[in-house]
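Below: the structure, in structure tokens.
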Amino acid sequence: MKRVITTAAILATAVLLVVGCTPGSGGESAADSKTFEFWSFTGINQKAAVDNYTKAHPDIQVKLTEVGSTTETAQALTTALAGGKVPDLVLIQGDDLPKFMQSPDNFVDLSTLGADKMKGDYLDWVIKQSTTKDGKVIGIPTDVGGLAIAYRTDLFKAAGLPTDRDEVSKLWPTWDGFLEAGKKYVQATGKPFLDNASTSVFFQAVNQGTERYYDADRKLTYEKNPQVKAAFDLSLKIHSAGITSKITSWSTGWTAGMSKGDFAVVSAPSWMLNAIRTNAPDTSGKWDVATIPGGAGNWGGSYLAIPKRAKNPKAAWNYIAEMQSPAGQLAQFLRQGSLPTTPSVYSDPQLIGKTDPFFSNAPIGKIYTQSVLGIKPFYIGPEDATVGSEMLNTLVSVEQGQVAPGDAWNTAMTNVKNALRG
Amino acid sequence: MLSPAPAAKTTARPTRYRHIQQGMRERLLPYAYVAPFFLLFFIFGLFPLLFTFYIALFDWDPIGERHYVGLENFTELARDPRFWGAMRNTFSIWVLSTVPQLMLALVVAHVLNHVRLRAATLFRMSVLVPYITSVAATTIVFAQLFDRDYGILNWILGLLGFQHFDFTASVWGSHFMIAVMVAWRWTGYNVLLYLASLQAVPRELYEAAAADGASGWKQFRHISIPSLRPIIVFTVVTSTIGGLQIFTEPLLANPVGGLTCGAARQCQTLTLFLYEQGFGRFHFGYGAAVGVALFVMVVIVAAINYLLVTRIRSERP
Amino acid sequence: MNPQSTTATPAPHRRRRTLNRVSFVVYALLSVMVFVSVFPLYWMFVVATTDSATATSLPPHIVPGENFLYLARLVFDTVPFVQALINSLVVATTIGVGQAVLCALAGFAFAKLSFPGRNTLFLIVVLTMTVPAQLAVIPQYLIMSNLGWVDTLQAVIVPGLVSAFGIFWMRQHIGSAIDDELMHAARVDGATTGQIFWRIAFPLVRPAAFVLGLFGFVSAWNDFLWPFIVLKSPERYTVQIAIKALQNNRDIDLGLAMSGSFLATLPLLVLFVFVGRRLVQGIMEGAFKG
């Protein structure tokens, strides 16, 4: 009987032992200043930037995790902030940032580490998004998503369309011109022109306005804003014209279709160039970049932030300071094409002269900086990600034949309202 | 392990004090046996269940503030079309997977019960392979088989002259796809369950029926089904409760669909909706309210089960 | 089967003919079932060995390709898959063994010992048996967060040790394996309860405990939702979560998730070859008890 008590004791100890011996449950070395953990999203090849940094600093080890999509990364970060192990450094997409700005205490105020001296380097409207009212800097902007259009020169040629980027840009000063060009392409080839109308039209057009889902007084006005409605209707119009392949962005069909030439055009915010490169490596040299119809705009762009409970904020900050300085962003642009947020380098001859062989030597520096300099910044609020994704989802449903185009706007408004209250 | 002390040692010194102590220990002893289990059970099983009801009364942001809101989450839930949509999806996937699956399992078990099978163990093991395959892996494979552009199923549809069908996009297509995954996983398992029960039915019953000229179908209806009734109820209840928990299939079947399983939430199940609210949008209170709703459904199912089982018992001679 | 024609023929003949026809139908049915059960796994292997271009071409290539090592290496490069395999092994083994022992102990107490509160406690077990843990993931997460266990393996292991079904199962087995006379005789011989448990009861129900542990192992290996919630760092992933991470990285290669799925299923298939019989027996025995 003594044994039973011993047994119970042994069991209890066993449980504790299991708990204690589980790899990493307690024995993690606290602050190893040479190593830091970095969460990013998939699809933008953050690994290349990290490799570059570690090459320059062989003593530093960066544990990079590509968590998932931008949304999934933000979700994982929230879960971690709520009680898990946090990374030392995290990349947050611009539309997801406002949610985190609501509880700035979860992050290190970067101005305590030196961001106060760098603040002036960045586009004013970009750094404003990551600065709290009382002046805390939560994130340092890594890039902006200037807008442009990527197209396949080989497919354009086969369709009898011009292939030169200036001529192509002239085809579509407006979205109507874009639509006409699309119709010509479809007529000539019988194949879809554009990947889809949801991401490639709505998410571009809605970012070309002077206001998006909030007005200047930070009130949610998506329902009444005529610019939002116009972008939505434009997307429906292009969908109904039958020039898209109706393949949802980021789906397997989209990735495969990109390599196979199932469509000739993809809207390409600057960070999309990297996605095209990764998704369709075999199409190198067959792409080119033209200006976007409808004028300047910005979609996306991201921020680097350091959670308050980070084990090694210093190493993370060193990474930010070096990689996101004007010189760092310029170098990053020259390597991978993500557009700097530091206007001082916009006139740098290296940036202006930068061409990309994957995209037929297009002067991507010139094209994208122009699209950003003309921008009319608007307020992005905490519900922007939700509103945007519900509207996009409705358009995807239209493309999948689940919602009639005529009902789409009302459906979208209902869906947004449901999502906002939940 | 734990080589026992000689029994004589404990009985050799029967002092009175020792006796009392011994009695105490003998009385407390059973608790030592159940303690490890119940300790964990109370902390990680029962307490979270009760805690769910508490959280559901709050507007609870895990990285921000929390406010007491009373029953507001429940009234919101009752008016939320996303919740009812998830309910519809869960129910429809459950029907589509359970009914054909159990029927098929019944028929196969009945047929198998009548023959002496060669390689019976091999067969039993093969049909159990889906059961040991993880839901995540299963979903990845089936999503590929059902793919709009490159899936085998659509290839066959194309050969038969049909247009390729985007299973993930439509309500019925996505439900069908998920139901197939669920049915694939459990049919073999249920065949084994039924078969085991059928083998307990006296063979003479079948022989007598056959002598009376009862057809295979009649034997199935009048002997197999009635004798399987308790186990049928059991499998229906298990698959219903399993159906309420479907999560991984809709999450992984449509990777661009995110936590909604598609743009129109066409295959978002209740558990996925709970996850979306809890760990996608971080409305812990609202997510907990979905948990409470799930709990109520489980209780209803269990109550129906109880009624059915008592009825079956009372019907028996 | 056509019942009309079978009843029309004389009895001795009928028997043989139906048997032949029946066995044909039976074997056809079985072949279809076996094919359907095994084909998706075969297909997993096929895609895990072919390159993206081949995997996304029609008509589908149904023979394995030569890309297995390339994809497998890509899997190991994209996520810490070796660590994930180790994690899964640690989690599933501890849960399997833990469930078997904890449930055997408690099942023994419920079946053979009498103590105040026994029926109440057992009633609680039975009542909660049908309630899925999934509906309480939010409070569970808060508990783990308070314990500081988020992103650790014990967050998955410790709650997994509890199996209400296991108690039920072990109680049934111990109840029928040891009759009260044997207990009594052992007591008269001076055996303590502990000796009765370890020397008599446990050896008798060891096969049942083994099957319980096996089920615990398989379901812990395959569990998704809870690990997905609490395990966030790649070095804590179980293989199932690693599969999800691979799917997220589908821009690298479409076959990545499939290759990961195959590698995650392989260990269980190997285990199944050795202990599959026991699982089958366990399920078929469960039919009587359930």
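For reference, chains read A, B and C in written order, and residue numbers begin at 1 within each chain.
Here is the rule we use: a residue touches a chain if its C-beta (ideal position, glycine included) is under 8 Å from a C-beta of that chain, and two chains touch if they have at least 3 such contacts.
Because the structure is predicted, anything quoted here is derived from the model rather than measured.
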Name the shape of the chain contact graph, picking from line, ring, star, complete and other.
-> complete
Which chains touch each other through the most C-beta pairs?
-> B-C
Taking each chain's mean CA coordinate, subunit B and subunit C are separated, in whole Å, by 13
Would you mind pulling out the distance in Å between where the CA atoms of subunit A average out and where those of subunit C do?
-> 40
Counting only residues that touch at least 2 other chains, which ones in subunit B make the list?
-> 2, 4, 10, 26, 29, 33, 36, 40, 62, 149-150, 255, 279
When you check subunit A against every other chain, which residues touch at least two of them?
-> 1-4, 7-8, 11, 15, 69, 72, 79, 82-83, 250, 252, 256
Residue ranges of subunit C touching at least 2 other chains are 56, 102, 105, 141-142, 145, 158, 161, 192-195, 197-198, 229, 248, 250
Seen from subunit C, its contact residues with subunit A in the complex are 52-53, 56, 86-87, 90, 94, 98, 101-102, 105, 141-142, 144-146, 148-154, 157-158, 161, 192-195, 197-198, 229-230, 232-236, 245, 248-252, 254
Can you name the residues of subunit A that touch subunit B in the complex?
-> 1-8, 10-12, 15, 69, 71-72, 75, 78-79, 81-83, 102-103, 106, 248-253, 256-257, 386, 389, 392-397, 400-403, 414, 418-419, 421-422
Subunit C - residues contacting subunit B, complex | 1, 3, 6-7, 19, 22-23, 25-26, 29-30, 33-34, 36-38, 40-41, 43-44, 47, 55-60, 102-103, 105-106, 108-110, 113-115, 118, 121, 124-125, 128, 130-143, 145, 158-159, 161-162, 164, 167, 189-195, 197-199, 218, 221-222, 224-225, 229, 239-240, 243-244, 247-248, 250, 257-258, 261-262, 264-265, 268-269, 272, 276-277, 279-280, 283-288, 290
For subunit B, which residues count as touching subunit A in their complex?
-> 2, 4-5, 10, 22, 25-26, 29, 32-33, 35-36, 40, 62-64, 76, 80-82, 147-150, 166, 169-171, 255-256, 258, 260, 263-264, 266, 277, 279-283, 286
Contact set on subunit A toward subunit C in their complex = 1-4, 7-8, 11, 14-15, 18-19, 22-25, 37, 42-43, 65-69, 72, 76, 79-80, 82-85, 250, 252, 255-256, 259, 275, 278-279
